[in-house]
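In order of appearance the chains are A, B, C and D, and numbering begins at 1 in each one.
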Amino acid sequence: MITDDPRELRRTDFPVLREVPTRWGDVDVYGHVNNVVHYAMFDSVVNGWLIEATGTDIRQGDEVGLVVETGCRYLAELDFPSVLTVGLGLERLGNSSVSYRLAIFDAAESPAAAGRFVHVYVDRASRRPVTVPHRVRQALAVLGAPAP
Amino acid sequence: MITDDPRELRRTDFPVLREVPTRWGDVDVYGHVNNVVHYAMFDSVVNGWLIEATGTDIRQGDEVGLVVETGCRYLAELDFPSVLTVGLGLERLGNSSVSYRLAIFDAAESPAAAGRFVHVYVDRASRRPVTVPHRVRQALAVLGAPAP
Amino acid sequence: MITDDPRELRRTDFPVLREVPTRWGDVDVYGHVNNVVHYAMFDSVVNGWLIEATGTDIRQGDEVGLVVETGCRYLAELDFPSVLTVGLGLERLGNSSVSYRLAIFDAAESPAAAGRFVHVYVDRASRRPVTVPHRVRQALAVLGAPAP
Amino acid sequence: MITDDPRELRRTDFPVLREVPTRWGDVDVYGHVNNVVHYAMFDSVVNGWLIEATGTDIRQGDEVGLVVETGCRYLAELDFPSVLTVGLGLERLGNSSVSYRLAIFDAAESPAAAGRFVHVYVDRASRRPVTVPHRVRQALAVLGAPAP
């Protein structure tokens, strides 16, 4: 998805949409939201959605999702104050990994940014990869993954 | 206000209430929102309210409000995900300074934190104190300041 | 200390000095280090010093220090890139609490900011106050506290 | 570079190495540096180096470098307190864009993370792409770009 033209992404391309307001300190010396902040939004949207969709506190399980790769393309400048809409979809479900695709929308039809975010599930103690937990696979069905 | 018992503060003690969601990265290794984040919320609430209440982009004027003092008392732990309510009130309006009082509410009746935030208005170029701008004084009337 | 004139504080008023570089994103739209960042420095200096001075990972013990109060006065603007010096001293050692005094120095003799930071030690599980741990009291002797 | 195995990267693969300490709040609930923070380090290393290598405050020119793409692969967990070494190299110099490659090293020989960071230079007012400024091209010669 990120290899295609991300400017063509629309809100309707994402099964989940979540609102994220910007903060004053998100804006850097150039008067726009700093590039780092987009990842704070991705992180919050993926994990916030997972906590709600699984109905469990994902931080407390024996398996935890560690971030192994992220990326973002910046297409338009964002400002404070504003309430952004972040779209969340599934790029790929592997045996132990989940790749999400994300986009950030301001008022415009086209996204202001598009990115990816990859979790690998590991055993909390040993940090060795494990199968994506059943409760996460169930939640991912909402994003279009095959039913577990 | 901060010298009284802040646990007795209630939402109704604040003329302005604004919602602020937490972010995943706000939570530190102890599993609660890190003490630094409360100030990011104060900053966003004061400036977000000022931008809306004055109807102007306060960052673009000849006078800018610089923060000269902040403080916070932490009364209960906060978590992610949650949407907090931040109360904003006026503590004191001086010739060139504005002291705000703030509190952060989770689901409970009592605040999870209470703080103060002091702006001094300065000339953007010289950084010398100036009178609080008229448009700001007008907005502060909403918080109970005498009409300018 | 914070009630006296903090502009008169000097590096020599602090038994511990630690260097902290600023980050690009610390600077906000006004072209100076945002007021929130000072607390990230305080937090890092107190906890970084505690980890080194106690020789233990303070995060792993049965007692943890929770922050119950912080405050800062901003005296001069800070920029990126720069390596700041943060001074750390003891304001007061109580039965279960430790109040630190801090100041941030740029190139100038006078501090750019001065603050306080108060830990209360609690039992990790019950979150009820406990006596300041012996290993912390030993470390605090370096800051001028009576030997435990 | 990021398409090859980033675990094989070494400090000697980077013409510039800069030290970056972690902060207490960089560590999230999982007890490691949060994935967002790596981008704060990239941002600080690229811009800090540019300011020093060009001898000018890059924020003040008529042309500014806007970030159009970033990415990171996370290979090992990082902690606080620690002083990391960030390697900076040139991936590609275009007409108006500069792609940097970066890696973050802890004590180990292999990197803990590897990423890329792409600036496009634009006119500050119109935000339209311009040629990479001469002073930046001169600095990039240090990273192996052809002399301007």
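FYI, a residue touches a chain if its C-beta (ideal position, glycine included) is under 8 Å from a C-beta of that chain, and two chains touch if they have at least 3 such contacts.
Every value quoted in this text rests on a predicted model; they were computed, and no experiment measured them.
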Remark   = Shared touch partners for chain C + chain D come out as A, B
Note = Given over half shared residue numbers means same and under half means different, the chain A/chain B interface is same
Inquiry  = If you average the CA coordinates per chain, which chain's centre is most distant from that of chain C?
reply    = A
Ask   = Once you find the CA centre of chain A and the CA centre of chain D, what distance in Å lies between them?
value = 23
Inquiry  = Could you work out how far the Cα centre of chain A sits from that of chain B, in whole Å?
reply    = 30
Approximate Å spacing (C-alpha centroids) for the pair chain B, chain D = 34
Ask   = Among the residues of chain A, which ones contact at least 2 other chains?
value = 24-25, 29, 31, 34, 36, 40, 43, 59
Note = Given the complex, residues on chain D that touch chain A span 29-30, 34-36, 39-40, 43, 59, 64, 66-74, 77, 127
Query = What residues on chain C touch chain A, complex-wise?
reply = 24-25, 27-29, 31, 34, 36-37
Inquiry  = Give the list of chain A residues in touch with chain B in this complex.
reply    = 20-21, 23-25, 31, 40-41, 43-44, 47-48, 51-52, 59, 80-81
